[in-house]
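My structure is below; once you've seen it, I'll send some questions.
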Amino acid sequence: MHVHDLNPKKALATIIIFVIIIILGFVTLKRPKFIYKVSLQESIELLKDKNAYFYPWQLVDVINKVDNNIVLIDIRDIFSYGQGHIPGSENISAYDLTSKKYIEYLNRLNAEGKTVVLYGNDQLEANGPWMWFKQVGYENFKVLLGGYKYYLAHKDNLEETKSDKSYILEVPDFNFAEVANKGASIQSTTKNTKVPVIKRKKKKTVAAGGC
Amino acid sequence: MGPLIPNGVITGDWDFVIALLIGIAFGFILEASGFSSSRNIAGVFYGYNFVVLRVFFTAVIVAMTGLLFFDYFGWIELDKIFILPTYLTPMIVGSIIMGFGFLLGGFCPGTSYTAIAIGKLDGIVFTIGLFLGIFLFSETFPLFKDFYYSGFLGNVTLTDVTGIPAAWFAFAFTVIALASFWFTMIIEKHIRKKITEYKF
Amino acid sequence: MNRNYILLTILMLALATGTLFLKKTPNYNEIKPQKLLWEIIQPTRYVTTDQVAKMIINKDQTLELVDVRDTKSYEKFSLSGAINVPLDSIAATSNQDYFGLPGIKVVFYSNDDIAADEAWVLTRRLGYKDTYVMKGGLNCWIRTVIQPQQPSEDAPYTEFEKYHFRKGAQIYFTGANIEQGSAGKSKVSIRRKKKKAVAAGGC
Amino acid sequence: MKNINSNKNRPHYINPYFGGVLLGLLVILTVYITGRGLGASGAVKSAVVTTADAIVPIHAHTNPYYSKFISSDKSPMYNWLVFESLGIFFGGLLSGVIFRRVKKIRVERSPKITNKTRLTAALIGGILFGIGSQFGRGCSSGAALSGSATFSFGGVIVMLVLFGTGYAIAGLFKKLWI
């Protein structure tokens, strides 16, 4: 007494179609070129690593070709590079960093354990790309502090910049709390006739502390 | 890509057209598998017809493995799908009550609709019962409101509770299901020898 | 027929075994690395101190300033209405409530712009949109808004316009120009968004 | 129909594994499209709420359970699950027509019991199922099937307890079925 169809051939056929879909899924699956190898918290820790940065005075060895283990990469566009760059540096514009040609080159450098130093006009320009490379697992990438601008200003006395710390950013140049309150007094002589339309009745001392 | 509606791929009133189509497919599968017959359904508890167990377990393991594969391919983002919230104690109690209802009525809500469709009076009565049951529940709801909300664990998955990856559950379920398929095949043969035929 | 059942069993078992070998998929909230790099290269995330000043003065309800310096610096001085999310703890779940609110522009700032930019990269990786970086940071804020330099006589007209705006902003932020007197003692109403979680740090 | 042993009129159901595979794929499709699984009891709930709202609106709005499902702009019947359940009915009808199972109103029962017993049991069963599905946050299709398929802890609990209870008490109701 069987009320149901006993032969599961349709079930088998459906499962086979299902398997084919899954195989198609595997075939069409695009392996991402890059994956994050460093967690968010780890990459925050990496930012604190002094060795992750490249200091201007370290450039001396590269320029004099003493250290072959360091590759300087200028990530500005080709025009800026043409107008002037750090001697011995190569130009890979930021837009081309992950293009097939260059990423293979960078992969090779990384595999060989070379130190790759990225620089832009200033630290900020290369900082993002550098963070990115760190996060996708390029351990030997560094960023040049001060960038090209700092190099240009000090190219004749790079050795002496060991004592100069002006390329270290994120240092407050002012005592903000003080300056922010007194800012006006410094400029008291200037004419304030043309004040832009602002709702002035709201004025108050700077809301220090936010809360 | 998927799920389509939560990801905003499909919007507006297409929702309800899709709901209707999915429902039609669901109803068709239920009816064609024999779920419109309460004696077929109840057979699972007496060993003379394991259609419920077969359909149900096959569906669960196909869906589980399929969802895992599709999640891997990026077609369905499992993180974005709705996970049934867990209210442990009310759920256990509710399931026990449903178990009694299942054996007495021989239907569950979905199958009773299909039973109505092919003209089963017991299906109609069961659905009226459902209506009354929910009505009764709603009217007396204030009495066990606290119980209703007790044991809340959140929208947790098996992985959240046990820490074991979902794939292991899919695998375990598949092994158990396949083993039970073969096992019940033997039981069914054995029991059917003794039983008189039933009509539909 | 039995052969079909055996085949079915084998296929299902193979499929289920297959799932065990699927590597854990990455966190979907994070955007794809390639996309992140692309956005890092674009300079569109930078806003100037003037723009920030203008938004503060206009009481732009869509602005949320985020100070990514440490709590101590934040307590000493911060821009009005800013909340404090130190860079170190930007990945903490309790701080995630600040980002990704619909229609809210998050502007990061720090002493310069490096830390703010880093905060931007990290939050962008998490998939939050509408985040910006105040270029130049507080150092630039002081130089431009609080102590604006009068442009030289031959500077283009736009420079003067900018200067006049800054002078106004300076008055707004420092409370200079006594002639306004005590006309408006009313406070700068600091916009506080309702947060699910208690604001970490300074509040 | 009267002849119990008539083999000619025997309905022909599809292979249960075929049904299962189709159902599994349907669950995947539903999750793919809507981000949640199938359901059935929700429609009856909507019907109850609608009825209550229509007959005694004040009561419906003050009852803490009804009011959860009443919104001012839309009828509770304007609900995904209601449309889905309508679909279930039409799908069943379609299958019934194709496999020639749609016949005049009849009662299916064990030969050992009367129609009245069967209908009473069905009514009580329905009531119990209705109450249970509210506590269980779904019935066998919503909670047990879709819940389990999406790895929900609660779904698996409902499935295990529901079938476990069924087997535990099967002996009590044997007469109803065989």
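Read from first to last, the chains carry the letters A, B, C and D; within each, the first residue is number 1.
Assume a contact is a pair of C-beta atoms (placed from the backbone, for glycine too) under 8 Å apart; a residue touches a chain by one contact, two chains touch by 3 or more.
None of the values given here were measured: they were computed from a predicted structure.
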item	value
Farthest-lying chain, centroid of Cα atoms versus that of chain D	A
Approximate Å spacing (C-alpha centroids) for the pair chain A, chain B	51
Whole-Å gap separating chain A and chain C, where each centre is the average of the chain's CA atoms	17
Gap in Å, rounded to a whole number, between the CA centres of chain D and chain B	9
Contacts with two or more other chains, residues of chain B listed in rising order	33-34, 40, 51, 58, 61-62, 64, 66, 69-70, 72, 74-75, 80, 173, 181, 195, 197, 200
For chain C, residues contacting two or more additional chains	5, 8, 12, 15, 18
Sequence positions of chain D contacting 2 or more other chains	10-11, 13-14, 16-17, 20-22, 25
Interchain pairs in contact, sorted by label	A-B, A-C, A-D, B-C, B-D
Residue ranges of chain C touching chain A (in the complex, touch as defined)	1, 4-5, 7-8, 11-12, 15, 18, 26, 30, 32-34, 36-37, 40-41, 57, 67, 73-84, 87-88, 90-91, 110-115, 117-118, 121-122, 125-126, 137-139, 142, 146-148, 150, 164-165, 167-177, 180, 183-190, 202-203
For the chain D and chain A complex, residues of the former touching the latter	10-18, 20-22, 25
Of all residues in chain A, those that touch chain C in their complex	6-9, 11-12, 15-16, 18-19, 22, 32-36, 40-41, 43-44, 47, 94-95, 97-98, 123-124, 127-129, 131-132, 135-136, 169-174, 176-177, 179-188, 190, 192, 194-196, 198-211
Parts of chain A lying in touch with chain B, wherever the complex brings them together	1, 3-4, 11, 15, 18, 22, 25-26, 28-29
Residues of chain B touching chain A in the complex	33-34, 40, 49, 51, 58, 62, 66, 69-70, 72-75, 192, 195, 197, 200
